[in-house]
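Naming follows writing order (A, B, C and D), and every chain is counted from residue 1.
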Amino acid sequence: MNTYGDIFRLTTFGESHGPAVGGIIDGCPSDVSLCMEDIRADLARRRLGAPRQEEDEIVWLSGLKDGVTLGTPIAFLIRNKNSRPEDYDILADCYRPGHADYTYRQKYGIADHRGGGRASARETVARVVAGAIAKQMMPEVEIRSDVVGTRPEVSDDTHGGVVSCRVTGVPAGIGKPLFGKLNAQLAAAMMSIPSAIGFEMGAGFAAAQMKGSEYIDRWNSAEGGVRSSELTQTNHCGGIQGGISNGMPIEFSVAFHPVVTIPQPVECLHEDGHLETLNIGGRHDRYHIARAAVVVEAMAALCIINHLL
Amino acid sequence: MNTYGDIFRLTTFGESHGPAVGGIIDGCPSDVSLCMEDIRADLARRRLGAPRQEEDEIVWLSGLKDGVTLGTPIAFLIRNKNSRPEDYDILADCYRPGHADYTYRQKYGIADHRGGGRASARETVARVVAGAIAKQMMPEVEIRSDVVGTRPEVSDDTHGGVVSCRVTGVPAGIGKPLFGKLNAQLAAAMMSIPSAIGFEMGAGFAAAQMKGSEYIDRWNSAEGGVRSSELTQTNHCGGIQGGISNGMPIEFSVAFHPVVTIPQPVECLHEDGHLETLNIGGRHDRYHIARAAVVVEAMAALCIINHLL
Amino acid sequence: MNTYGDIFRLTTFGESHGPAVGGIIDGCPSDVSLCMEDIRADLARRRLGAPRQEEDEIVWLSGLKDGVTLGTPIAFLIRNKNSRPEDYDILADCYRPGHADYTYRQKYGIADHRGGGRASARETVARVVAGAIAKQMMPEVEIRSDVVGTRPEVSDDTHGGVVSCRVTGVPAGIGKPLFGKLNAQLAAAMMSIPSAIGFEMGAGFAAAQMKGSEYIDRWNSAEGGVRSSELTQTNHCGGIQGGISNGMPIEFSVAFHPVVTIPQPVECLHEDGHLETLNIGGRHDRYHIARAAVVVEAMAALCIINHLL
Amino acid sequence: MNTYGDIFRLTTFGESHGPAVGGIIDGCPSDVSLCMEDIRADLARRRLGAPRQEEDEIVWLSGLKDGVTLGTPIAFLIRNKNSRPEDYDILADCYRPGHADYTYRQKYGIADHRGGGRASARETVARVVAGAIAKQMMPEVEIRSDVVGTRPEVSDDTHGGVVSCRVTGVPAGIGKPLFGKLNAQLAAAMMSIPSAIGFEMGAGFAAAQMKGSEYIDRWNSAEGGVRSSELTQTNHCGGIQGGISNGMPIEFSVAFHPVVTIPQPVECLHEDGHLETLNIGGRHDRYHIARAAVVVEAMAALCIINHLL
């Protein structure tokens, strides 16, 4: 399932060390002029501090004429110019701990061991391009993310973190009840990001420790008119009730586990069952949280535009 | 969107104070004899301690012949015998704080104010029936949930909590990459439960504070054969890597906010904008976490069977 | 797959000789008052001349309050009061020719032999109810069907026929390109009706014998304004070009094969491979084409409303 | 909706006169070695006699390693080397009769007038590539098509025709009841092909003129064993009953209307409403039926593999 969305639909492709990554966006509104600079800026944020610096030049294959959307599928690709698949030759028959090498092999029988194949963070390039386009289709919506709660000093230089995100400008009444709840779909969108391991709306896990009288978001009086972003005095629910937006900012957080490639020898599981201590090559991130933030925004944009359109 | 799943599909119906709630299960395997006692037992757990005690007698409308599944849609209903819609008359033009009254009205223009309509926990009856059936279709899988982390003493008698869930017997290789990740779909399934406000796999938010060397789940040697549930020494990832199960127990937690109907007068927002202090009637839960556990199990079963079939 | 549509979604249930047939409509617009008389009238047309006269009283389970749609799922059922499953006992281990007994058994391992189970025309009751509701959601659209091309005299009293259908009031620009073409989805909707065996838009199979200069629908001048239903001089394309409506009437025909239960002894295939001559009981239609017309309209309504909403 | 299928999913992109056409196949089984020669052969059949001869060289972007499928999305593109968009400049504000120029403009507000954009037959390149791959995933299935019923002499050199198709090797029990009927999905697949205007299974429209006793496919005795392709004496139903295959050959026909670009001046509808007589440039087919045959096979393969997998 490499497709996200049912109206503004992104289908992605590309292995980390294959010739290219990219995607097709189906359902993008027509007759909108794209700002390429904004798309490139989001790609630059995704690349920030990454050990493998790709130029990330986007090749547009369809769906645009003179930079204006036609309403037909927008296909794009970004070549993997800087791949070094030979870095991975020692992994041909070994499964790294913490990675998806083992589970992919269980599922597919075959796996492209070079750079994690589809499970690599390289795949998020297509999400960021599509998310940047989605943002431009809903200029009234603003999506901001911040890194919170990473720990300051770490001895092996790789650690996890939390990204909090705040979306303003979504009107009341967006979302669906039951299985199509906006918060449920945000959760799925966020948990689909590599390394995501937790999600919470508004007060989140802290709400589990609250009393009802502490938790409920009390109304502001709306006499004389009130901006919908001042509907309630607090925003413990994160702007969504019964799966539907109430017009307050939509606020959520995503926890990411640390990068699982550590700069130390690790025991890998060989296909035949024995353990083998390897020094994993490849050029890997030490710290991915700052870069995860733009992916969080992209997925938020993709989720919300599917409800707004 | 009142449908869950793409293979074993549950479509639910019913307002809290309408004549009945129920659903249609499409895609249930044929030729399996249902144990009605197990279904009733899960319904009894859902009812545990609820102020509104319904008999919850299931009327089977189709899909069964002598208790054996035909492979055709299984339709069922449970009558709402104990509804008192008149309890809600004072809410006809007022929105309660913390409830979905306001957001439903924004979306639909009309809302059934009696008992929260579709946003009521009464809707989970259909999920529990379908979940109990799903469990019976995969006898090798065991799903257990526990309430953790509720606070012992509460002054207004309503509070939140966390349900942890552990699923054993799911083989390695279940799930899909990217947007169909098993963890992402579990997140969506859980966040679709009324009052759910947070979700985490395995170590979850705690993993955000870990170093990579602390987080990664080290392999056990598999020489001489090893049970897949002993694949790794720890299970910080919660049994899913790259969106695909590794054969270890699938472990996750769901945070629930407190019941939002509190036994005190609250200020409601009148349609015309002024605040009005009301004593909300209706027979409401004080503590719903124990009852949420069986819904967590049901949604876990519905999520996993869609990947297993 | 017992669900039709992606916005206005109908999920149906019920075996021909089980306790009830019915469905859930998800995605119906809210705040529309239903005319029950029109729904009953369509049901009466479906029953016209049928040997098994059911009262077809609709029990509404959800989604309505005082006859007004709530926007929540509309569940309904019609009890099978007049079923005589014992008529079918001789078919427990025999497959009738022309029926789906054999294919259902191949697929499901088990089959409800009583009255064709889900493959029975009884299942169309739910489609007609949902179609009648869909018509009421788009009052500007008119759907009319006629029986054409049945042969006047038939010796065994059962024969096929063709239903032509004309839909007016659909504006230009409805439909989607490629795999979501409106004509493709109409084809699927019609071929899903029991006994349907052919479908054509506009000139249809006759167009295969035309020259290009004969086939193309020439424009009328639109100077001074023109009604969209007078856009072209002919309507060989049936009102759809490139999968999208052009504002002309949408015209198509559906061929139905004869009723396959004939009033003569027929050779049935026994499970063990031998042939067995049986006089098939049950109360079966001789002539179903007039009754198919209202089902054609219902499916047209369900197809079109999913594009209009 | 530029995606076909729910398991073996093809998403296509590309305007006729843009830089490239292509697609992403998601859900292709892993570890199958592709025969590139067979794919090229189908592409050559699609090109047969076309006035615009493209080399149709396929660029594989992902999903393959040394020609073996990885189970990840297979992305491919074919560059439009031979496009002459300037041929179409006279069409910038005129709608041709018979084409989708008008309907696309109604839907999207903007339209790429160069060569029909997405509505062009050029788009079928991606279907043929995906269909050729699908055929290789089910070697036990054989799909053969023939052109029937075109008229021998035509004065303006463009005419319609009928393609009949016969699929052998599909086991009994494939398909779904009701809205997922295999015949309904074949109908949608075929009607999605440019110029398709009619579809029939087996005896089709002729069955509408039959008596029941003429129509029903009588069983052969299966004593002593019988090949499923000899299940019945005739195959009027086209190998599908109740939406599910019975093991006989699946037989259907597709009617195509003539090419709508005729080599004569035609009156086009100008945006401002007046008619304007134009000599349409571009290099257009006179006779497309022979080339439609391979597209029919491709869509049959895509339809059937989604039921077989």
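Please note the rule applied: a residue touches a chain if its C-beta (ideal position, glycine included) is under 8 Å from a C-beta of that chain, and two chains touch if they have at least 3 such contacts.
Predicted model, so just to flag it, every value in this text is computed and none were measured.
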A correct list of chains touching both chain B and chain D reads A, C
Check the residue numbers that chain C and chain D use where they touch, and answer same if over half are used by both copies, otherwise different.
same
Measuring centre to centre with CA averages, how many angstrom lie between chain A and chain C?
43
Distance-wise, how many Å sit between the C-alpha centres of chain C and chain D, to the nearest whole number?
25
How many angstrom lie between the CA centroids of chain B and chain C, rounded to a whole number?
36
Residue numbers in chain C touching two or more further chains are 1-3, 12, 72, 107, 118, 177
Complex contacts: residues of chain A adjacent to chain B:
1-4, 12, 95, 97-100, 102-104, 106-107, 116, 118-119, 123, 149-151, 154-156, 158-162, 172-181, 183-192, 194, 196-205, 207-219, 221-226, 231-232, 236-238, 240-247, 255-262, 264, 266-269, 272-275
Which of the residues in chain C come into contact with chain B in the complex?
1-3, 9, 11-15, 18-24, 26, 30-31, 60-63, 65, 68, 70-75, 77, 107-112, 117-118
